[in-house]
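Going by the order they are written in, the chains are A, B, C and D; count residues from 1 in each one.
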Amino acid sequence: MAAKYLKKENLVSWLQTLAKERLTLVPRREGDAVVFRPFAPGQDIPLDQQATTPPKAAVFPQCEPLLAFKYAKDPENPGKVGVQVKEKLGDTPSVVVGCRPCDARGFLTFDRVYDSDRASDLNYLTRRRNTLFATLACDEPASTCFCNWVGSGPADAEGSDILMVPVEGGFVLEPVTEAGEKLMEQAPLEDAGDKAALAEAVKENAAKALGEAPDLSQAREKLLSLFDNMDFWEGVSAKCISCGACTYLCPTCYCFNITDEQSGAEGVRLRTWDNCMSYLFTMEASGHNPRPTKAHRLKNRVGHKFSYYPDIHDGHIACCGCGRCIKSCPSSVDIRQIVLQAIAASAASE
Amino acid sequence: MKIGVFICHCGSNIAGTVDVAKVAEEVGKLPDVAYSTDTMYACSEPGQEGIIQAIKDHNLDGVVVASCTPRMHEPTFRRTVERAGLNRYMFEMANIREHVSWIGKDKESNTQKAVDLASIAVAKLTQDRPLIAKKFGVNKRVMVIGGGVAGIQAALDCADGGLEVVLVEKTATIGGKMAKLDKTFPTVDCSSCILGPKMVDVAQHPNITLYANAEVDSVKGYVGNFEVAVKKKATYVDWTACTGCGLCTEKCPSKKATDYFNEKIATTTAISIAFPQAIPKKASIDPEYCIKITKDKCGVCEKLCPTKAIRYDMQDETVIEPVGAIIAATGYDLFDYTRYGEYGGGRYPDVITSLQYERILSASGPMAGHIKRPSDGKEPKNVVFVQCVGSRDKSVDRPYCSGFCCMYTAKQAIQTKDHLPDSQTYVFYMDIRAPGKMYDEFTRRAMEEYGARYIRGRVAMIYPKGDKYIVRGADTLAGTQVEVEADLVVLAVGAEAAKGASNLAEKLRISYDKYGFYMESHVKLRPVETNTAGVFLAGSCQGPKDIPSSVAQGSAAASKVLGLFSKDELESDPQVASVDIKRCVGCGKCIETCPFGAIEETDFRGEPKANVIETVCQGCGVCTSTCPQGAIQLQHFTDNQILAEVNALCQQPLVTSFE
Amino acid sequence: MELLDQLKEKIKERLPELDVVIGWEQGFDPLHATPLFMRTEEDVDRLVFSPLCVHNLASHLTGLKGKKVGIVVKGCDSRSVVELLQEKLLVREDVTVFGLPCTGVVSLKKIKHALGGLDKVASAEFNGNELKVSAAGAARVLPLNEIAADKCGRCQYHNALLSDVFVGAPVEAAAEDNYADVEAFQAKSPQEQAAYWRDAMQRCLRCYACRNACPMCVCRDHCVAQSREPHWMTQQDTVQEKWFFQMIHALHLAGRCTECGECERACPVGIPLLLLKRKINKEIKELFDYQAGTKIDATPPLLSFKVEEENINERGW
Amino acid sequence: MSAAPGNELRIIGFLCNWCSYGGADTAGVGRMTQPTDLRIIRVPCSGRIDPLFVLKALVNGADGVLVSGCHPRDCHYAEGNFYARRRLEVLKRFLQVLGIDERRFEYTWVSASEGQRWQEVVQKFTERIHELGPAPKITPDQMAMAETMAAQPR
């Protein structure tokens, strides 16, 4: 299928069609934030800017039951208690419409970890395989955007099933995958015609507006070489307040915690987001904490994304450049600056 | 965890309105309950044996008994589980009698409620941990605060029992109120004749250290190990040198000093000895009236003193006394009789208090035992006694009965007739309260043998008429107004808490009632104990008492101290606060709120941390609800234990159910 | 400008005896300032002060325990320093306070509403009582009073309440706070209120930015929100749990909150959290005539009591 | 735990051991009939009651919470109830913005001797909670409703 044109006023009817078969997640304004919620007829769909939160929860919920368990007593011998366990998998077919290329691309970072030769996370994979992305290409970058630094761009279709390019009056839809093509079939589309050329111009302008990306090829080694330089890390982390806003808003942060909660005879094993900015993240049962200060922890966050992860995943940076960690940081910690400083600092020390 | 649950029938007390078998069955379904049964009387010998057997048979980790109030039988069952080899704190109780079966008749509701209460107990037990009492050494010295008859008795009994005693008395002599009395009821025997020898015993006892003219400044520490700072107020006389010869008092030119011992009906010299039998018999100077101290003139006493004991520049001095127990015997003070303006007390010279009358009656008093009117020195003919002045009167916030006024009024009526055979006494009373041995007989004697006229009713007002006073009141038995012409009016003023009693209570960390009387630990069963371990009560500081009761309490308090000190080490209640040092940020909020000073700051690898002094902690848990990060937890009432109970009653459903 | 130069000079004077001085510098775009940790004179040259300096830098103080720290404070920020000192969480000798007079800071949220977004701001400049912004190719002039933080409109302490070095001329004005916002919210029915919080808490991420940005949340690493001992909360992402955390936060701040509003400002999903704390502050004021962070030697009302409480009417129970 | 039978509501009482729990005992010994809704949790002192226990119960669906301690000045631990009074009063007022009807929470003082007073308190509080009816629960159903409402254009 070639690129097609979707009139703005037809978006809603497409969403309505989609919502009949799939859980259809779209941006919605809630208070001062824009978040992804199930499409509700009549709702306003703010597509003019990046959503406050990424659609991470669509595939990797903030809190997800991995299994439920139940204690069952032996009626003959009440002292004997057995446990029954049921696995829980989220297999609702879903589609996210209106996320950005960086958002969709974030899951590639997950895939390398949860869907590899070494490990396969069934809970993750079930959701992943049931979730499609109709991604909106960016026409103008925000001051916090840096997708081009991490090998992507405002119209990067990797990780998406459909790419929607905003043009005057509507969107040019480009199918990326077969599944995406099927979704497009359900839309009231028109031939793209001359809109296709407009779409290419939008892409080009957006890429241009982002400007030149600095060379980060040195980051991997240079961050490693700074590993023991705590002065450096104390300096760049001074203003960090150790909250989890950056990680929880990050489309690529995939860490989790597991807890059991019980009510009477029933219980549930929960997987919840966890974040490496928290003191408790590396707290060991002995009371020892290998990352006792925020300097250690921020070092891990930056190091992991730009050095340790690329090191074992063919150079892929574990950052999609969405800039939410900068934009929503209460102290405006800027990860771009830290990476550049690291490159510069170790260059100076060499 | 394996929990055993025992639902008690308590005969028909519980089983009458609760389906106990159903309760046992329902609670038996809880995942941690390995054994659940009903039992006829859980507290009986076979009931307890059944619990012990079940613990052994089913390898139980803890036990829940649902029966009566834990305030009754919790200690019983703790001993039971201990006998079976469990820690005594691996036990919980559900109160399904006082809180269920006795207050509702609906069997279905009661049964459900009993199930809930037993389930709360099970939920809490799953969070219980074994607790072990700690031991600590005891300093076998005791401090008695107050040298009235109760304090004297307590001090002597303790000292005779072999304890070192520190007796602290606020005034310059011991003896208290009793020393001021002329005679005592119901025997009319001489007060100083019976008290005097005891006072001398105190002075001579090798085990007693007496600080007269001294007050307690601060109290630190805890049972077994208190540190009390005692402030010795300046007397301006070196008591180690003073022999009590009295030469100085004879020659002192300043004779207008307030005579507190004589209840201000006379004056005394600036340097004085309270009364001839004073213990210690030492002179002290009232600096307000001393000409040398106020004007730097005179100095007669210094010149006269054969032992050169006078020290005009003497300062207050503080000594620290380490003791293991404290007996508070601070007595009472008299109600301020001037508050009844309609009686004219304080304005009319011949309207006096009962204690002033005692001093008039006393042979060693300012009138040498001759009854004379303070105004003109004439012998009175009609003497009117008004009872309940500052007792049983809500309008002056003294709704309680002072207990002994009826008796001393009868005694004073008898003495008046003895001293002045021609006199006539009248007694206005509300009720006669004479419940002691020989007491009622005594009041009857006053009426029948000594002709005292008892008029049941309140006095409305007293006003002067010529050189006499008209006492107007009601005779509620006759239903008439009465007016009596009196030469002298004696107000039977009630007792109130000693001035500064509440202040001392706060130092001792004991509670007091709204009138300032100290609270005993249990009204009936722990009458001389307080809620602060190691602090005991004797005499009127706990409530108005007559002499026999005060003496009895003095001895009782002493026996409690002797009992306490019979062990070399004490066991502390392990239900105390405990600090998780990893969570503590050293903010000190717990230290600030602890009512007992039981938390101190310590240094842990350079960080400030809270530390609980387990023997001081009383287990209230204020610290636990103060600490925001939950770093300090009251053992056996931890956040998790209470949360388990709350969750057992209303837990939000899990996001995902098993089905 | 003059004020800033004076401030820089004073900081440079004191810098040799201090390990670090905390101020603000320009952030990643013209509208964002960001905390600056000054250790050298060159660092001091980067210092800025304008209505964009929204952060309460006192939040960093307890994390720098044991160091000699200088801190630049506005009037509101100084209350947090006072409160920390009162709670003995700071050592007075270790803190050097550079106090400023402040006429108010902006609310980036309000600017965001005015501009329709903050993503594309090219320049921003203060001119008297106006902010000139150019964003997404368009220039706008925003009057300061329309974009000022709510707390500034009711500010009673424009000048630092505590300072070792005070720079500039004190601001004379002081507003009254009648808690009209709290009153208005209280006027809603319980059902409306519950629905309001339900909606708001739904988007909470449990990132704890509200907590970590709070200068008075000194437990941080040991917060009961994430502990199992004690186990106050589960990790379920239900509205109940998220909401309960805000109740914990508010109650743990009762009598301690200095209303700097950092909790609300830090929230990445814009939950109006300050309201809860203001409600408690309103009651603390009424009951105990007490305002946190105004006197170092005051006794916190919930760590003390009176035998007779003048203002607690127990409603006949 | 199974639901209460009939039309009982879930009322939780936090009682101090020394006074109010004793008062409830006294009422029981005196066979003073009371409504059966209340479930009592015993704590050593009203000062031990973290206001968050009350909120936890209310958020988790309790219909009413009653706290009772020793009368002021009468605390076994001298001061615990003084702290409790301040904290619980602040808590009660805090409810006014939480969307929890403040009448669902009350605190009072009952001494160990006041069996009759305890009976009256239980009677009065239970009646009040029944007048208010079951507390609105934050159930998934209601959540869904809130979601639909939020989706309406404003």
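The definition used in the following text is that a residue touches a chain if its C-beta (ideal position, glycine included) is under 8 Å from a C-beta of that chain, and two chains touch if they have at least 3 such contacts.
Just so we're clear, the structure is a prediction, and the values are computed from it rather than from any experiment.
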| item | value |
| --- | --- |
| Pair joined by the larger number of C-beta contacts - A-B, A-C | A-C |
| From chain A, the most remote chain by mean C-alpha position | B |
| Chain A and chain B: spacing of chain centres that average the CA atoms, whole Å | 69 |
| Between chain A and chain C, centroid-to-centroid distance (C-alpha), Å | 30 |
| Geometric centre distance via CA averages, chain D-chain C, whole Å | 34 |
| Where chain B and chain C are represented by their mean Cα positions, the distance between them in whole Å | 50 |
| Chain A residues counted as touching two or more neighbouring chains | 30, 63, 261, 264, 270 |
| Touching two or more other chains - residues of chain B | 582, 593, 626, 639, 643, 647, 651-652, 654-655 |
| Contacts with 2+ other chains: residues of chain D | 1, 51, 56, 59-60, 73, 79, 83, 87, 147, 150 |
| Interface residues, chain D side, partner chain B - complex | 1-2, 4-6, 8, 10, 12, 17, 21-22, 24-25, 27-29, 31-36, 39-45, 47-51, 53, 56-57, 59-62, 73-80, 83, 87, 119 |
| Sites on chain B touched by chain A in the complex | 2, 28-31, 33-36, 58-59, 582, 647, 651-658 |
| Of all residues in chain C, those that touch chain B in their complex | 87-89, 218-219, 222-224, 227, 229-232, 236-238, 240, 252, 303-304 |
| List of chain B residues in touch with chain D within their complex | 26, 69-71, 95, 97-100, 102-106, 108-110, 112-113, 115-117, 119-120, 506, 509-514, 519, 531, 575, 593, 595-596, 618-622, 624-626, 634, 637, 639, 642-643, 645-652 |
| Complex contact set, residues of chain C against chain A | 20, 27-29, 32-37, 55, 59-60, 63, 109, 112, 116-121, 136, 199-200, 202-203, 205-209, 211-213, 220-221, 226, 228, 234-237, 262, 265-266, 268-272 |
